[in-house]
Amino acid sequence: MSDRRYVCQLAHNEQISQVFLASEKQLRPNRNGNLYLQLQLSDRSGAIAARLWNASENDYRAFENGDYIKVEGNTQLFQGNMQLIASAIRRARPDEVQETDFLVLRSDEIDRMATRLAEILRTIHTPELRNLAECFLMDADFMAKFTAAPAGMKNHHAYKGGLLEHVVGLMELVLAVAPRYPRLDQDKLLVGAFLHDAAKVDELVYERDIAYSDDGQLLGHMVLAITMIDDKVRESERLSGEVFPKPLVTEIKHMVISHHGEYEFGSPKLPMTLEAVALHHLDNLDAKLASFTQLMVDCPNVESNWTQYHTNLGRKLYKGAGFRVQGSEEI
Amino acid sequence: MSDRRYVCQLAHNEQISQVFLASEKQLRPNRNGNLYLQLQLSDRSGAIAARLWNASENDYRAFENGDYIKVEGNTQLFQGNMQLIASAIRRARPDEVQETDFLVLRSDEIDRMATRLAEILRTIHTPELRNLAECFLMDADFMAKFTAAPAGMKNHHAYKGGLLEHVVGLMELVLAVAPRYPRLDQDKLLVGAFLHDAAKVDELVYERDIAYSDDGQLLGHMVLAITMIDDKVRESERLSGEVFPKPLVTEIKHMVISHHGEYEFGSPKLPMTLEAVALHHLDNLDAKLASFTQLMVDCPNVESNWTQYHTNLGRKLYKGAGFRVQGSEEI
Amino acid sequence: MSDRRYVCQLAHNEQISQVFLASEKQLRPNRNGNLYLQLQLSDRSGAIAARLWNASENDYRAFENGDYIKVEGNTQLFQGNMQLIASAIRRARPDEVQETDFLVLRSDEIDRMATRLAEILRTIHTPELRNLAECFLMDADFMAKFTAAPAGMKNHHAYKGGLLEHVVGLMELVLAVAPRYPRLDQDKLLVGAFLHDAAKVDELVYERDIAYSDDGQLLGHMVLAITMIDDKVRESERLSGEVFPKPLVTEIKHMVISHHGEYEFGSPKLPMTLEAVALHHLDNLDAKLASFTQLMVDCPNVESNWTQYHTNLGRKLYKGAGFRVQGSEEI
Amino acid sequence: MSDRRYVCQLAHNEQISQVFLASEKQLRPNRNGNLYLQLQLSDRSGAIAARLWNASENDYRAFENGDYIKVEGNTQLFQGNMQLIASAIRRARPDEVQETDFLVLRSDEIDRMATRLAEILRTIHTPELRNLAECFLMDADFMAKFTAAPAGMKNHHAYKGGLLEHVVGLMELVLAVAPRYPRLDQDKLLVGAFLHDAAKVDELVYERDIAYSDDGQLLGHMVLAITMIDDKVRESERLSGEVFPKPLVTEIKHMVISHHGEYEFGSPKLPMTLEAVALHHLDNLDAKLASFTQLMVDCPNVESNWTQYHTNLGRKLYKGAGFRVQGSEEI
Amino acid sequence: MSDRRYVCQLAHNEQISQVFLASEKQLRPNRNGNLYLQLQLSDRSGAIAARLWNASENDYRAFENGDYIKVEGNTQLFQGNMQLIASAIRRARPDEVQETDFLVLRSDEIDRMATRLAEILRTIHTPELRNLAECFLMDADFMAKFTAAPAGMKNHHAYKGGLLEHVVGLMELVLAVAPRYPRLDQDKLLVGAFLHDAAKVDELVYERDIAYSDDGQLLGHMVLAITMIDDKVRESERLSGEVFPKPLVTEIKHMVISHHGEYEFGSPKLPMTLEAVALHHLDNLDAKLASFTQLMVDCPNVESNWTQYHTNLGRKLYKGAGFRVQGSEEI
Amino acid sequence: MSDRRYVCQLAHNEQISQVFLASEKQLRPNRNGNLYLQLQLSDRSGAIAARLWNASENDYRAFENGDYIKVEGNTQLFQGNMQLIASAIRRARPDEVQETDFLVLRSDEIDRMATRLAEILRTIHTPELRNLAECFLMDADFMAKFTAAPAGMKNHHAYKGGLLEHVVGLMELVLAVAPRYPRLDQDKLLVGAFLHDAAKVDELVYERDIAYSDDGQLLGHMVLAITMIDDKVRESERLSGEVFPKPLVTEIKHMVISHHGEYEFGSPKLPMTLEAVALHHLDNLDAKLASFTQLMVDCPNVESNWTQYHTNLGRKLYKGAGFRVQGSEEI
């Protein structure tokens, strides 16, 4: 691998001169009239706070959030949190950047998941559902975005390829769980799992930083999916020469718009079919385990059994006495 | 007018032999092994409970809810509520039915409102919005349903033409109120008022009794509207040969899906534009005044200043000392 | 099999003379001064309402809820619901009762599940957890109750053996799902799944009818489990001669008391460990799929795509166009 | 007009020497042991943050919030927000202050609105209601406060004359909307609109800064209005020599105490009359449109289509692509 | 005492011919076309359901709710509940009625409590508060109503004199508890306890049946109290020739309007003073203990340890194994 | 007494050289690259903020929160709040510390309360309850913790001995109030008051700073109490040679687990017995009065009638015009 010092490997008082991904930059007033620059530096292994003292508007404008930047500086353990005091920051030259250092998922991993996605979708027996899935798979533009998008702004799977990872993981859960419930229609459930978050490709903007699009904020991915499904149903009818059963379209849309499970989480309808109920709970299970794990792994209180208090969860999480950040040695 | 005794005119101990609209029929067991038939009889002026003692399964199956039936019987004031004890019930012959006795809105009233609808929509200056509105107006199938549909299952405007009445009323409110707020875009707001409930034409089934369609229950009129708007935008682009501005489509859809104003009432997004906020509050104002008025007018406690307790409102309504059912003389 | 007409097989106008399980008996006043007896009759395939006209206090006192009774009578399709008009009712003689007609789960099925329970628990690697599980398995009194108890008053698994069925099903889910999440401790999770509802053996009384015990109502099964776990931990320490790690006891208790997942459902703590979160969501998934399925199967609106409105769920359920009660031919 | 540079006109790096209204002053510790003064400077066009480095307790005590102060300094664009770095601050001499520069509403505008208020109130036909309104209009002390008070602490109409502006605006809405609902008693509704916030004259203190009075916090304007109405009813009876109908007093009070529409917003009763419902919704409409507009206009994110996230609203607001701060050229 | 059989003494199959207080009368249709009369019969010891078969409109109109009626009939234990099958009912003659049989509180008890009320109020040291209390005590009209009114529609103290009983009980609690908290102003707290429910004399109508007045429903006793306090403050100023301190009036009003403690229970303000907090909690304690006790005593499930489920409380109550209706022997 | 200047006595510009208890220490970055130390200094009379400019990591590590430290410095009145600018800080030598200066409760006060606790518990007549209480009193280890523990993390009684003070205070309330309600079982209620918070001895860690233990966070004091009660019941049975009545254990546990009164405050069951209801309300009364008083006394806005806004209470508190910090002269 590269000789890079990954963020999760940094120790106290290391001399650093390497490339990071920049975000959350702020120019803040020193009360003596001086300014300093504060920002986040990240790579695939995590993120660290950095400061450049005595900065200027020019320093602030020299790069954008989402840029790769070359940073000179020194690490400092400060009350249990590691930070980096930068002495120089500039935009990195393309030849200085090793993309794989910054991607949580390597492109071969993404490829493997995309293949698995197609594989699972082709196990579907119901002809209309299989045709519909095929129309999505054939849409190169959609698939390019679907394999690149994150699954969210923060919390679980908030990185390039995160949407694909979440969806394939969920479909594997469907394959493991559905056979235990004979009345569940596995085909419908697989299509639901595939499409439930599909319109996140348009809800979010994620070329550099992750953010909501205007459409995403005003309509949301559940409503955006309606148009997406209508388009592909029309195409599927055109290709097959047969009318797609309207009640089946309705059931697919119902799974999508009800998958948050409660009005207060933006679902305009509660799950009313067995498959919609199963989809909601499986999605919830996967999302909660992913985000709780992440909160424990990312927790900066290294010496405590507990994470900090998370207001949106209404609790601290218990990492336990023996909690170690697994896999840090293999990044 | 007809020599009919309208429901709202019936007094104690009248001999009745005329046609009513039937609904909510139930065959219930008498505890001696006998059965009786209970049902609602209505005409355009209101509804009255009726009972046929010693009924049979045959009586129960002799007509459907939503049928016109000929009823013989006697009225009875029973603890402040009027009811009708029927001695005979049969399905009415077509020649016995005077349709206008059963329509809250006469067809000329509906025509006048449809004309007014088109008139208001043609005041729109923004070309794209006006074209879009035109596409709806030109769709004879849509307009037939739009002028026939009720605005809801119960509460306000739950009768043929009720949707049109509510929508035109709301658009008149827009015309009266919007000029007072210079930043409100009256054109957008008029389109929002026109389309906010438009998919109720598919959410409800209302040929005889009013009920929810499967699509209506699984998706709801706010989500159904998305497909409807997409279709007409495509048509408008085809007719005009120009691309419809995508942000404008988004704002229209946003007004529609946010018009219930709160997550708990099934809006997947809260109103975020001035027009969406205005639409929500004007719709709410009109709906609340209409339903409160109806609850007061329909209230069977004739001798009390108060309606009964309405659980969904969390209160009784105060009709006041001088409350009279206005217009009963003119029906 | 027996020549019995199972409840789910009964059609209109059948002459019946066989044994049923009685419940919900009520003596109700006829408004002529006569009384009639109303009750539920059930066997393993379902339940049917019955009435005995002109009944007396003696008829009412002739048997208890939970008794097997011999019923003579006639079936009647009444507005889409089947009911039975009884002409004679008496307590059944033991030799008239074929127990297997009344058990949803046959004793060999229960035995098989009990064996599977032990089998799964013996896959546990952590010695202390395995010893603890063993202490429960060795407690013949506990196991007798654990294999006999229902999982609830109503909704899912509300029948003899239902608790065991729910728990083994949940443990199978754990085996299928846990390997997908490397940080989950499968051993802890299996113990959590085993014990989360274990104190339902004391929360409920279920020799005949199912009801809550005084302890069950005043403390609930989550609090009752604390004493149960303390007892077995002490026993396990006595047998092994080693101190059971206190933090491990705490984590087990935490899984149990937090498994309802929210304060409003009676959990005094929210899930704060990965295993507690996983247990809550898997339990929820299994319980919801079981109860939604049951509501669809038991739904008396045979001709509708929809179940009735369930107030506690805040919705109707969509059975779909092609919904059939599967397996009725095999009971 | 004056040669003043209004706050909304200030650009980067302007030399400033003029009078502002001071508020929110704070003396804050510099971490070198030095202090600096932070405050808000405003005029009728808006507000701007200012700082005086190396300040002393004397600087802090040299003026009060609500005072006019003379400020020397320099403007600075700092990360998209304009601020003013002051070099000197002192209390302004009376002859330096041009009151009209600081009033959102000029006194002739206030006079015109007061005239309009009286005009509308004199359209009331119900003699008792008209007499009651007259008693308020004749009370010079009340009218002085009523025309000077703001309508709230922040959000909508939070400036001198804001209460009058909100009330007259609301009464104009009543005149536009009431005729569309024949059962609404326009006279009652006008009195309700006039009095619903009238006790804000005592709830708030607003000679300089706006704040709550002790009475305002302990009782609130809805309860304070009761005493105010009782007083004027007594006066009206004294002047007219006739007993004011008690039920009419009750209905007026009911409109006032229920106009927040929900218990959680401090209404001790829900609206139970048509007029109370109408008042609540019209007031809500006007307040929401005013505050949303203000949040968009005041939004400092000049380059974004979105305002910041407003926690109390639970959302960001969409200003739209073409949003401009209208009227800044005419202040 | 009288030779009356009190309601709480009635056993199965007693021949009854005596006077009761009538309430909740209903004429209900028998499904053979016959009618029967259903009503509640009560005396000071409790209430019992009664039925008169084959009744007519005349029977129904022969008396009003709240009348004393003479009833002939027979008691019947019917599924654990005692009921009375009447053979004849007529309005009672005055000479047949022994008022004391129907009053929960005898007039000497009421007198004693009224005396105690005055006694406690005269312990107040703060001159203004003592004068204010005196103004209420001197108002014969007020005191007549205050000693006659119930404390509520149902639940606790819903009988003649119940308001006085609750208030004096609460003031005794104040005397017992206040000295334990040195910062509590006992004088203010006593006045708060005295006046918190005082306007119930106008909120309720209670000459015969207890019901809400129009004022009570539209304004509520907390708002009605404002006018009452204003009146007495004016009178107190007139009598003493001194101005009543305005902040003290405000604190008294604040205690009254905040004593329900939460917005959702109709308090427009939350308790913000120590005395308001103390009043809320003491009132709550007394009300809850009184109503829980009453629900246990009145519980008709004589053979169960549990009351029925009370929806508004969200629970059943546990009467316990040894629960006896104490004092039934002394009525 | 000592010649110490207590925190609550400090005035502007005093030279200080004495011992304080340290807490909430933070080393914070000065934006010039310098660091400063911020901390709280407290003694039994209150707490004051302090700063040491130009501090180092060594200064930060020189002592722990919970240590006694010797501080040199100067007091400063800064915008109404007193603070201390330290020039030197070091850990105090044992001989410099006068423990009684730092204890809110002196050991003789604690002893007196412990004696009173035993005294009250010995008034219990029910033999089993008295034996049970005795088992707790005899457990020296438990009593040592019970008399040392605070009653909470913050708010009311958050200091050494605070638990004992709260419990004894509550039991005194029981003695004062219970006799007023004849159906209340005073013995049960006393035991409930004694044990309701007893497991706080294990829920909290309080040797130096107060914090939650792992058990405390994962199970909470209500669940921890179950094990504690089971242990003592076993011991009581062993000592008395008699079986403790199981229903009585259940009632005691029920009081404990329901004493927070609502699901959302972590009670897994609502109070269902009279004693449980009484315990909840009395505990609430005492806790609310204690914490409101503390918030008023500790309020740093010396010149205002109001405390700051307390988000968790949803309100400011009104200290009133005449509010003085009583007893500051007697500390």
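Every chain is named by a letter (A, B, C, D, E and F) in the order it is written, and numbering of its residues begins at 1.
By definition in this document, a contact is a pair of C-beta atoms (placed from the backbone, for glycine too) under 8 Å apart; a residue touches a chain by one contact, two chains touch by 3 or more.
Only a predicted model underlies this, so the values are computations on that prediction, with no experimental measurement involved.
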Chain by chain, through touching neighbours only, how many steps does the shortest route from subunit A to subunit D take? 1
Provide the labels of all chains in contact with subunit A and in contact with subunit F. C, D
Identify which chain pair among C-F, A-B or A-F reproduces the interface of A-D, meaning that over half of its contact pairs, matched by residue number, are the same. A-F
Taking shared residue numbers divided by all residue numbers at the interface, is the value for subunit C and subunit E over half (same) or under half (different)? different
Counting in whole Å, what is the centre-to-centre distance of subunit E and subunit F, each centre being its mean C-alpha position? 40
Which integer distance in Å separates the CA centroid of subunit D from that of subunit E? 45
Need the CA-centroid distance for the pair subunit B / subunit F, whole Å please. 61
Which residues of subunit C are in contact with two or more other chains? 31-32, 214, 217-218, 247, 251, 254, 272-273, 316, 318
Touch-based graph of the chains, sorted into line, ring, star, complete or other: other
Among all the chains shown, which pairs meet the touch rule set out at the top? A-B, A-C, A-D, A-F, B-C, B-D, B-E, C-E, C-F, D-E, D-F, E-F
Subunit E contact footprint on subunit C (complex, rising order): 26-27, 29, 31-33, 60, 214, 217-218
Contact set on subunit E toward subunit D in their complex: 214-215, 217-220, 222-223, 226-227, 230, 247, 250-251, 253-254, 257, 263-269, 272-273
Sort out for me which residues of subunit E touch subunit C in the complex. 28, 30-32, 34, 36, 51, 53, 78-79, 305-306, 316, 318
Using the touch rule from the top, collect the residues of subunit B that touch subunit D in their complex. 169, 172-173, 176-177, 180-184, 247, 251, 254, 270, 272-274, 277-278, 281-282, 284-285, 288-289, 292-293, 296, 313-318, 320-321, 326
